[in-house]
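Heads up, the next two complexes both have chain A, just with different partners, chain B and then chain C.
Moving on, here comes the complex of A and B:
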């Protein structure tokens, strides 16, 4: 009898340990915040589950009506990262995405949530993929200081936009209507539209020039947008950033437009 | 034992009902538009959480580039219905009744009166959303049991000059109250009101209905990105929200400012102050003795000021609210301002204080437990002959709401509430305390 109860106790302890190790002990670290997956789960069920689904596979109740489709966390491929293409994001990348939202998608900014709550959500999102247990995030990409924008830089960026075939997806004038646009799919085979640069000054993963530069280096994993880290130099990427800024018709205050009009 | 049986039966009936309604998908307007569940915006609907408040303050926009109607399926219709079928029991320990039923001449006596039965709270229609990016609208007709009213109807220009600190609203709207009367979690006759929002002292003839009523006017408001800092200033017609300018041609002013901050391991905490200053007529121009609408004159002033807080301790939260009220001596005594000689000897401007504490425990998005205690205390009667405590009021409520259905299409809540109110000196004959109790159970659903 005592052997039996001892066995039960050992099994229970093992399950508890496994449960903790596998999921609920998952933490996130964002600045001085330590996110907790257990708390994050409750928040996920309140805010996220209807799009991203109970299992984090992007198959929530609302997924069918959303374009683009919600992220599948089980694949551990995230659009907005500071780490190289194909690598895991930093906790702060996920935190920033939750905070900022993803423009032109169903993902709003969750900045009204507490900072601790957002960190807890990051911890829980990481439990959906074993990759976060098995791998470490990549090293953040380096972003050199931005050179002053100039007409020459914009001109070089325009030439790169043509020569690197950016236009084939994003269109000649950046409206997201290039010849390849209609056939693009994300990594799960769902149709996906290229970003319309003329829609305003805000981009998928932020609205600063550094954000745009970073996207060119990291690419947007899970989408057809590749990394241009090896195909371009740092100066070329800044040239592209400066040119893309000019496509934004809503950019009223940016220095680039002043340069363009000079 | 019979009680236990009835509880079991109640749950079985609920279970059966859930089985029936599991696939009943309805469409609350914003949830359908954005694919978000009720719980994203509501701590427990209809009470907003900070995300929902931010969404509201942004002009019903998430700011994700998908707010303008052009991004919606043409079949999308931004309308929602809400109704509440329920059973309730009301008791008044000192109800004034004719001693011989039907005979007004028989004299009034007091009786303990109880009524109960199934009932319906009417139907709210809410059509709201964006006409275009940064132009939001809200229309709320209400069908009561014997009338149709337009509870709110307004348009708002959002993010003027590209700033979230500048938004302009015009129409009939709920003031930016410390705690929204429109979003009370309670439904019963006794506990659903925030009495402090509507309180008038004994004998007072102020035509102002209270800050809990939607008002007609304009509002300028603004907020920080996370909504932690908010302000609103409204100028409204002194008609207490009634259309057709029935009373007055003057304007009242309301202002509310609040600031929230994070406390580690506890949650968000919010503090705020508010003030309403207005004028109310004490007499009208008349024709054949009948007051002419809109000709109110002899305006006298009144104000309501106070402070409030919203405090979180993990999944507990509670509101604290304080109000200080003042009415001019003519309003307080119901005397026209051109007849000062008819004021009672020693008449004074009535002053009172009040407040409430309302607590919620929200263990999951599907459950919320509610308790509320509210009081008002007369500090100074308008007529010194009145008993000092006349008009004092104490009320408490306990209840819960359970949300078995909470989707991006519909919301259904089951609610049970019990409220108790003691109103000092309100019994019509004995002038003893009037005590009323209210119990309500029922469904609250929107789609």
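Moving on, here comes the complex of A and C:
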């Protein structure tokens, strides 16, 4: 191939990519739903603007009264993702969060809205940051089948809780009162509390074991809660999940409550 | 639809532009006697005393130090030289784009501190992040122009990262050990340096030209000077910071 035709081909390809990405940013794809940003805008102005603000920067009229603060969508950093730390979320991640709402925060569940409306909202939320036009989300986390919880698994989880320094934030007994807890802020500089594992299943990004496993891989971006993606193996993450379950007073049935030596 | 067309126009413009720049690069690469700029960054006045850091919350950090750890935000040498100042060309290099060096930069966590405290890299240059400590750190940059990430790193785990866009400087911290703070300066050209313990720096292999040189210090801000260097010329440039 001559140099010139190679160049022409590259021009064509980059134009195609730019075209695709621009189209993608105006839409959302959740299952077989295609969300539309224009429709999403009308819904946003009706339901979300008081908290997240006209410009999506989290500075709506009610923001002053809320702790934690509403998300600033212009930063494109999201807590609940199935993608690696530092990556954009999938459309389905945003859809799931909007559907679920976020415990212990002002963010309500929007399940009463139609599925199509929630998909439209996702499309509009993405228009607040140019990142959604420039980048693609990273590869989603693969969650292997959960091994059954056992005393041994819980014991290993408790050792990892120590060696991975979870305790320095979450506290030795998981009450969210570790020695570093008082120093923690989110990326906006607002104080943030590590999750109190004794408080029951009120996780921000979902309450299932699989949700917790995923959080350990991805971390909660914009907060001190880091990703343990390369730091732990799949088995170790399940061990941690099993251990954390034992800390909850409102423990789900089927989980083993006793840990040897505790 | 409209925005799709504007993207189309932008991508065509960008392409024409990059072809033009490439053309210029091949013809103008004959600068065979490079210039250099070196000098000293000085601290004026009485240097603040570094304060003690209490690391007792993590025995593995405490164990690594026989003398107490102290703050590193303003480090002044015996002759008034200011360390950890990033000195770089902030203007004057036309629109040339530079490939990142093959060699990765190294950022080490040792004794529950960052070594170096201030690291300067080129955009897209690989940064090899090492944890030489027994304890587990999390490394958490909070950039403005780049994407934020936050990774846990136990002893010995390999980790390689890079930043795509220029930013002086990205604060880096470990949330497990609140005293651990450092900076990564990301530059779009290879002409930068970080002042050493005596405050010395040097910018080497410069193409002759007129430049704006910026010096950045984490607490004391920036200082800017203009300088012109001819082919083969070695010029001296000093900076002074005060509190």
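Note that the second predicted complex is superposed on the first by the 228 of 262 C-alpha atoms of A that agree within 3 Å, B and C clash if a C-alpha of one lies under 4 Å from a C-alpha of the other, contacts with A are read in each partner's own complex, and residues count from 1 in each chain.
The criterion applied here is as follows: a residue touches a chain if its C-beta (ideal position, glycine included) is under 8 Å from a C-beta of that chain, and two chains touch if they have at least 3 such contacts.
All figures in this text were calculated on a predicted structure; none of them were measured in a lab.
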Touching partner for A:61 - first (chain B), second (chain C), both, neither: first
Partner chain in contact with A:193 - chain B first, chain C second, else both or neither: neither
Which of chain B and chain C A:202 touches, first, second, both or neither: first
Residue contacts with chain A in the superposition, chain B compared against chain C: C
Which superposed partner A:184 touches (first chain B, second chain C, both, neither): second
Partner chain(s) touched by A:224 [first = chain B, second = chain C, both, neither]: second
Parts of chain C lying in touch with chain A, wherever the complex brings them together: 3-4, 7-8, 10-12, 15, 19, 57-58, 135-138, 140, 142, 147-154, 157-159, 175-178
Partner chain B, residues of chain A touching it in the complex: 42, 45-47, 49-51, 61-62, 65-66, 101-116, 199-200, 202
Partner chain A, residues of chain B touching it in the complex: 34-37, 39-40, 49-51, 53-54, 62-66, 225-227, 262, 264-265, 267-268, 364-365, 407-408
Residue numbers on chain A that touch chain C, as the complex places them: 7, 11, 14-15, 18-19, 21-23, 26, 75-77, 84-87, 131, 133, 163-165, 168-169, 179-180, 183-184, 187, 219, 221-232
